[in-house]
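Please see the structure below; I have some questions.
Chain lettering (A, B, C, D and E) follows the sequence in which the chains are written, and residue indices restart at 1 in each chain.
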Amino acid sequence: MSEPLKNTLLFVVVGALIVLTGFTQSWNAAILIINMGLISAIMSIGVNLQWGFAGLFNVGVMGFVALGGLAVVLVSTPPTPGAWSGGGYGVILSLLLGAATVVAAVMVAQKMPKGRTQTFAIIGILVVGFFVYRAIFDPNVASIEAIDPAVAGNIGGLNLPVLFAWPAGGLLAAGAAWLIGKTALGLRSDYLAIATLGIAEIIIAVMKNEDWLARGVKNVYGIPRPAPVVGYEVELQQDPSFLARAEWFGLDPVTASTLSVKLGYSLLFLIVLLVLLWMAQMALKSPWGRMMRAIRDNEVAAEAMGKDVTRRHLQIFVLGSAICGIAGAMMTTLDGQLTPGTYNPLRFTFLVWVMVIVGGSGNNFGAVLGAFLIWFLWVQVEPMGLWLMNLITSGMPDGSALKAHLIESAAHMRLFTMGLILLIVLRFSPRGLIPEK
Amino acid sequence: DDVKLGVLFGFTGPIESLAPAMGSGAEMAMAEVTESGKLLDGATVTGSRADTGCIDNGLATSNGERMIADGVSGIIGGDCSGVTGAILQNVAIPNGMVMISPSATSPGLSTMEDNGLFFRTAPSDAREGQVMADILKDRGISSIALTYTNNDYGKGLADAIQSSFEAAGGEVTIVAAHEDGKADYSAEVGALASAGGDILVVAGYLDQGGLGIIQSALDSGAFDTFGLPGGMIGDSLPSNVGPDLNGSFGQIAGSGGEGAEKYFAMAEAAGYDGSSPYSPESYDAAALFMLAMQAAGSTAPAEYGAKIMDVANAPGEKIYPGELAKGLELLAAGQEIDYVGASGVELIGPGESAGSYREIEVTDGENKTVNFR
Amino acid sequence: MSDNPYQDDHGNKDASITNTHGVGSMTPAHRKSGETHKVEGGPFLIGDTMTGGYGKGPDILHDCTIAVDKGEIAVIVGPNGAGKSTAMKAVFGMLDVRAGSVRLDGEDITNLSPQDRVVRGMGFVPQTSNIFTSMTVEENLEMGAFIRRDDFSDTMEQVYDLFPILRDKRNQAAGELSGGQRQQVAVGRALMTQPKVLMLDEPTAGVSPIVMDELFDRIIEVSRTGLPILMVEQNARQALEIADKGYVLVQGRNAYTGTGKELLADPEVRKSFLGG
Amino acid sequence: MDFLNALVALSNFVLVPAIAYGSQLALGALGVTLIYGILRFSNFAHGDTMAFGAMIAVMVTWALQAAGVSLGPLPTALLALPFAILGCIVLVLVTDRLVYRFYREQKAKPVILVIVSMGVMFIMNGLVRFIIGPDDQRFSDGARFLIKARDFKAWSGLSEGLAIRTSQVITVVVAVIAVAALFWFLNKTRTGKSMRAYSDNEDLALLSGINPERVVMITWIIVAALATTAGVLYGLDKSFKPFVYFQLLLPIFASAIVGGLGNPLGAIAGGFIIAFSEVTITYAWKKVLTYLAPENLEPSGLVQFLSTDYKFAVSFAILLIVLLFKPTGLFKGKVI
Amino acid sequence: MIVVEDVHKHFGGFHAVDGASLEIQNGSITGLIGPNGAGKTTLFNVIAGVLPPTSGRVFMDGEDITGLPPHELFHKGLLRTFQIAHEFSSMSCRENLMMVPGTQSGESLWNTWFGRKRIADEERALRAKADEVLEFLTIEHLADHKAGQVSGGQKKLLELGRTMMVDAKIVFLDEVGAGVNRTLLMTIADTILRLNKERGYTFVVIEHDMDFIGKICDPVICMAEGKVLAEGTLDEIKANEHVIEAYLGTGLKNKDKLEAGA
């Protein structure tokens, strides 16, 4: 079978699985899988850019996705009345001071001659800076968090349309990635993986504990939707023109409204995916892509041939992370809420990795395919597992402990299956379902 | 005919250890009704389980959609407040589906625009904070150290306890979060001990970080007595910690011992731990659905949704666990009922439960109810 | 991207997840030893009309024969990529010999695993990374004697007598030694098994003339103890000068065979392989 | 007297817990570091291997308890430990046979093995929950304390208590024994040296007659033993809960890397550094300073550098600082 | 002209380069020899920007280039090849050459999306140039082969070819000879001479092979223990007692004995 035919066939199979869901379960369920699949595909493209094209092992995807979510709150929610005057500026000031302290310490480390004076200078700057920072930061934060803590207690956002939050999420993630990359990629031996693993946890810790920022673990509910493309079901169900159209399609108002909202999201997500896919493909097939391949093949030689390897690695790390940030912002928009407690590495880092590896690292289309397939399974393995367990246990007497245990454990089949699929693909098609050319 | 109810809990993820007993609770209520044959001309009720992952919005909404597709008439869930919000906004409201959460206690959910579709059998944190402050005052405690599990439940509850207690003139020496499922709590306990206080109030979960904190605090002699909010009340705590816990006290939602004790006995007979957190609330959530359906004479959410408040609150005859058949009969006869259930259900306003509280003290290694509030 | 999909690491260099230090590249043709049988006559060690290649890849050796007899030094020369190292690996059992055979001391050992060949008395010093850099000189020698269960302190003394500098540096990490000293450790390690035949792959690559001479001197001394030596050399002229037997390999085939002197005298060989 | 009180308070809340926690991390990090040094990849499934080993220990302990076997003041789990280690060895060897060996034969790049270990992590994650369920399980018995805080107060007359748990002592003792045995094994025995040789240079090890598969097998056996021991000790000290072991992975990795990946000594040092930094930097020094400071100068605040919410951040900040100044970790160079 | 001024490079307490000073004239082919561990490669790495020196300076045409990273030196016309060929193995030989020039507009991401016309023009020119170089090296038939799959010697030629894609001023060759067959080595020597004559490249060559050095190098610098031991024409060096003692030696001691024994 020729390459393109095989690849098309793979996409058709995954598409068919989703369509089957539509017929056997509901179209709402199917389109929801598509929507999350689209978001996952964007995340996979980001990770694929880093791993597939530059060999950067980012196990902190979760952190960048979460930052994207944070951006949504900071951009699209209304500002909390009184928060800015009541401490917002103070917080910003203290953060700037904190940053200045670090910059000063780094400058001293670079500029001053090495020796004991330098060490004392650095420690001195850091200690003084830390206490000044805390002295301004703490009271201001306390006053922001005191504003109506049950429903607010944060500085709120800019009240802009939520679509602006998507690029903003990318920027926020890119900024964080730049900082991480600057530190970790600059290390003599590369320690990116463990740095990202840790920093992702730190990002989540900050989002959970800094209530002034986005309410921390108290969550932000009711994030606006990207109107007018995506409306509100309840409003649609009362809109006569919509009802008329629904009738024309032969759908009942509830189904029609839920479908229309989901399709609205699908449309937006698809546009983003296509744009990013196009950009990734174009970059890849250009001299830029050739240079990246050269760096991947042999860093030392590429460096000697005038390519600034560290800068290029930083560039691609920032880009990939930004894409994850965009996906994170889109996901938070789809959820309609920011819940920092939901970010967990198994789901947001390792699962995305499974998507990339299963799909085919180094191939953007592979990453997209992997994302859809794995997301489909992530959602559907559980009912399949339950069905399987029911089948296995059908012969057992009711009330037997084993039967109860097996049925109860069906949910854990999901993790198991993901691992199994990863291993099987790695074993028999080590470059993924759609390998790099 | 068959009525399907969705059971949407986090069977995997951080509270995976609580979810099974919650699921069993809900399903026990369904089995009870099915056996009675009294619901709407002898309808059978079956539960359809699905996972929220507790913290996976994407999975939770997908599974929510699947349930709708399955044709459920109501959803018992979600469990963690985060996913509950996501399911509510993205699945329940758009589809006009009624949801009763047994465990999402975040005040944020109360203010959400829910079109009258969202209820919960667990009381919101604000109320519990007040109750706890009262108990602390009555016991003559003047200063507390406070630690909470770092999620919306813990945080909200800690805020409520702190503000109520300080309003009543008490001192909170430190408020420190702890993460559930972490490796080690020495650092937290060290900080709490250093700050000091008459007792340590642990707004956490009894088989999660909360247990770790108490164990570690007792071991190091940092605190002898603990304040135990609802998430910490359960048989496993005294049995796991041992006699050192004697003298600690707290409260848990629940009217009188009667309903709860009955429920625990029923659960024990059915072979699971009814005292596991939110298991009683789950039973009640399922029961409310079926009673409201009976009252409305319909399984359509739009119709029975309005009846939920009616069956849950006075006036009417009080209904306890195991008496669902009686409740159904009364409703069929057109009479009013006041469902009390295992957790002392009382719904106030949109999506909130008022609930009364049992004051608990640990004596001789057992949770003893010493008072009702 | 390599052709083996399992070796495609996308240029990953992340030291926090992968340790690339000392990764091996050799794959034994037989993990478990197969049959051996007696064969009459022939040289002490011979790779006879060997044909084979790496993994499932194409044949690299084509009817290639190399042999060495007791008390001899046999030298293999040839252009880069001719298959010299490959031939050595084939003799040592690191390569699937698809046709032909390997015989040692009157026994067909084609189906033996490399470990068992060590036990039968073959010592091999590979071309690169031929010492344990993080271990001391003495530990390196001990590892050479890994298969021996008897007391090997005598042999160690012999090695120290042969390479006196190593005795001084016995407790130093081998990685800290100079290039020439490292090669001595490498040869010493191979001698520790008390091999019946010693195989060296380019022992003098990249060493200075003075060290090269020193190494050749040592090799000659070792050979005087009666130990047959089979070696690959790029410094072909010097090597052929001390060789009893010479093989010129080209593209996996025997191009010329003769005594060292014959090959040195052959104008064709001189022109094509010895740089005039 | 105040000085003694300060000292006891510090020991009770910082030193003793940090030493115990540090030993647990060190044992975990040793396993990670051995795999890294010899099999050349970071094993993401290590946390779940620990969970698996501990799970078997829990089940055997239950069986022993049910049979009425006990060790007196010591926890029965110690008796179960050898069985658990055996079970865990079987698991890792089967995994190696079914999964990893294939990639070794293909001469796969180490990073492929890292990805493979992710798959194994998912599978073990599911497996453990499938078998024992996700719940918290208690299995410790015997005497809980060596010294109780109250007894100590009564004995010493100080106002601060010092508590030392049996499990803490056992943890430290077992860790010391395990580490000493491992060092002796690696540096003095023939097999141990062959493992170091393999780690140093696979090809040359092969040429010296060392059987690579045997080295790999022994490595897995040691790793399984270490992982089970760490898992059981951790479970005895706290409680057994599958989810927690996955969470332990991060501090374990941090420990191994701070010390210098691949270096056993580093793993131990790293474990203690991470444990101590987590506990001390987020410790509220108020109590200690109150004892030490003169009458009127007692601190008003908590004197806490960072709130405990960020203790994770502390271990990672330390990790990054160490890497910035010593890119290969504290004990660089010698691997294994 | 490269001037190395009193360069030291210490690894911990070990002084790998210990006060080396030397000059490399434009247009020359300078040989760098010395015993193993003399610090040749280390000095070379210091000049090429791979390692920062502990102290000392390096100048190129009067400009201080000490500690500049390799990619910046590349843009100044300082190129290097590697002892073990560092080809880009998954790319074709032509691509190996095409990737070299440093000021390609197609290497900016922005242009890959919005400057596609310009890239296409540049690529055409690059391709022509690469083919020309391949022809010069007599490996034009390998243009579309993956570089990872050509022979070792051809890889070395490809390395040399990369230096021809841009206007290199000075090229550093690290042990081109080690493990390279004699005949091929002489071909490489010829190519080096041609590049030196036809294009005016300056070469610095580390090598242990005296024939090779003799064929192309003038002058020759001998290093020992991190310092420059001697400097001059090859004949001068060969006659230098210190060099003989430290490096060249006096030939095999056992040779006659072997022959006598045989």
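Heads up, the rule we're going with is that a contact is a pair of C-beta atoms (placed from the backbone, for glycine too) under 8 Å apart; a residue touches a chain by one contact, two chains touch by 3 or more.
Values in this document were obtained by computation on a predicted structure and should not be read as measured data.
J.: Chain by chain, through touching neighbours only, how many steps does the shortest route from chain B to chain E take?
T.: 2
J.: Would you pick out the chains that touch chain A and also touch chain C?
T.: Touching chain A as well as chain C, we find D, E.
J.: So which has more C-beta pairs touching, C-D or A-E?
T.: C-D
J.: Using the average of all C-alpha atoms in each chain as its centre, how far is it in Å between chain A and chain D?
T.: Centre-to-centre distance between chain A and chain D: 31 Å.
J.: How many angstrom between the C-alpha centroids of chain D and chain B?
T.: Centres of chain B and chain D (C-alpha means) sit 36 Å apart.
J.: CA centre of chain C versus CA centre of chain E: separation in Å?
T.: Between these chains, centre-to-centre, one finds 30 Å.
J.: Which residues of chain A are in contact with two or more other chains?
T.: Residues 57, 189, 191, 193-195, 208-209, 297-298, 408, 412, 414-415, 430 of chain A each touch two or more of the other chains.
J.: Please output the residue numbers of chain E that touch at least 2 other chains, ranges allowed.
T.: 89-90
J.: Which residues of chain C are in contact with two or more other chains?
T.: Residue numbers touching two or more other chains: 1, 6, 8-10, 12, 14-17.
J.: I'd like to see which chains touch which, written out pair by pair.
T.: According to the stated criterion, the contacting chain pairs are A-B, A-C, A-D, A-E, B-D, C-D, C-E.
J.: Taking the complex as given, what residues does chain B use to touch chain A?
T.: Chain B residues touching chain A: 11-14, 16, 20, 49-51, 53, 55-59, 61-63, 65-66, 68-70, 80-83, 85-86, 89-90, 93-96, 106-109, 111-113, 115, 126, 150-152, 154-156, 159, 177, 271.
J.: Where on chain A does chain E make contact in their complex?
T.: 279, 282-283, 286-291, 293-294, 297-298, 300-309, 315, 319
J.: Quick check: in the complex, which residue numbers of chain D touch chain C?
T.: Going by the criterion above, the answer is residues 36-37, 40-42, 103, 105-112, 114, 190, 193-194, 196-213, 253, 257, 261-262, 328, 333-336.
J.: Flag every residue of chain A that touches chain D in the complex, lowest number first.
T.: Within the complex, chain A touches chain D at residues 57, 183-184, 187-189, 191, 193-195, 197-199, 201-202, 205, 208-209, 346, 350, 353-354, 357, 405, 408-409, 412-420, 422-423, 426-427, 430.
J.: Write out the stretch or stretches of chain D touching chain A in their complex.
T.: By the definition above, chain D touches chain A via 42, 99, 102, 111-112, 114-116, 118-127, 129-130, 133-134, 246, 250, 253-254, 257, 307, 309-310, 312-313, 315-316, 319-320, 323-324, 327-328.
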